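To keep things simple, chains are lettered A, B and C as they appear, and every chain counts its residues starting from 1.
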Amino acid sequence: MIIKLERIKLQTRKSEEAIDITAQVEDAVAKSGVRNGLGNVLTSHTSSGLLVTEGIPCLEEDILTHFSRLFPESEDYHHRRYLDYDGRLGFNADAHLKSVIGVISCTFPIENGKLVKGSRQTIYFMEYDGPLERIYFVQVLGE
Amino acid sequence: MIIKLERIKLQTRKSEEAIDITAQVEDAVAKSGVRNGLGNVLTSHTSSGLLVTEGIPCLEEDILTHFSRLFPESEDYHHRRYLDYDGRLGFNADAHLKSVIGVISCTFPIENGKLVKGSRQTIYFMEYDGPLERIYFVQVLGE
Amino acid sequence: MIIKLERIKLQTRKSEEAIDITAQVEDAVAKSGVRNGLGNVLTSHTSSGLLVTEGIPCLEEDILTHFSRLFPESEDYHHRRYLDYDGRLGFNADAHLKSVIGVISCTFPIENGKLVKGSRQTIYFMEYDGPLERIYFVQVLGE
């Protein structure tokens, strides 16, 4: 059995953005040497997401726009209070809620050394609270 | 280690519907010969979903109705524009958004040759943009 | 290959609550003897969830409050009718919908015998329809 874990760094540039990481995930699968198995992608942060949809800019905008419609920044959140452990006001409750409903991980099959997915499925790292340096995990397991 | 991947075809009949695929997934597990391990189910499309809930028609309707309440077809979506690569207007932004919040995959344990899940958990392929011929993946890994 | 499945019982105390199960999941990983592999956590119920976010009480409240804003108990649900098989009125459509959008499982890498996750990622069992005795699965697979 081959088991490989990669921690991949990512510098986001905006407060909110959808970053296509499909090539990086496919590269991690290729480097692992696994021919058949599973690949799991997971963000390591609670104000970001890991989401699979069609890879087109208008949809990226729609997801960010409509997540903000569901969870407006200006809502009255319990998290908007002084946080001792952070030494500042909690201002990103909307980012955490978007992370929760937009999902934080996905598992794909691997076959003949390649990630198996639909032709239109693009893997996105979702930044809801940037810009920040982010890390996501790609774990590959198989033989 | 046994690793088996099945691509299962499905013809959907309506613009939106919830199709119980529990028996097909359990059959793929049985055929794999895996006694203990994991099974992962994943749709291959970005306007469909893979969702687990109680298997009753009234709930299927509630999910479709309330997903449409959150993402009405008539909203003003960026995706509603001419798409060069498709040669047509993007008309299904709501379907993509439903796919994202309703989830596209689930991983279950396998024990003694059987998928482990709660007695009321039913596995659904969710069509948000049909009718279409669809494919979903069932990957089984274990020994 | 080591494959271990634990069914963990949990008595919830409120109609809705977020219960931190990170220590229980980490304990199941430690007991499994797996050094490197994957861990999958899954609720066995359709009116509960399994969700990962920052472990602070104000966020727990925000998630429960805003899920209830999206799916109010007083909405007109198809599920609110007499259910023969239950011998009672279906009253928890909102709980099922929260379960669906808040996710029911998550898969994490395991490395050097430990679950790999971000420093602020807390694993929650989400009760949307309690108080009840609940069971969730922790499956560990690796070597």
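Heads up, the rule we're going with is that a contact is a pair of C-beta atoms (placed from the backbone, for glycine too) under 8 Å apart; a residue touches a chain by one contact, two chains touch by 3 or more.
Because the structure is predicted, anything quoted here is derived from the model rather than measured.
In summary, the pair chain A and chain B forms a contact in which the copies contribute largely different residue numbers, shared numbers making up under half of all those used. Rotation relating chain A to chain C, from a C-alpha superposition: 120°, rounded in steps of 5. In terms of their C-alpha centroids, the spacing between chain A and chain B amounts to 20 Å. The multi-chain contact residues of chain B, meaning those touching 2 or more other chains, are 1, 38, 70, 101, 103, 107, 141.
Of all residues in chain A, only 1, 36-38, 51-54, 56-59, 61-63, 65-66, 70, 101-103, 106-109, 111, 116-122, 141-143 touch chain B in the complex they form. Across the complex, chain C meets chain B through its residues 1, 3, 5, 38, 40, 42-47, 70-71, 75, 77-79, 81, 83, 90, 93, 96-97, 99-101, 103-105, 107, 135, 137, 139, 141.
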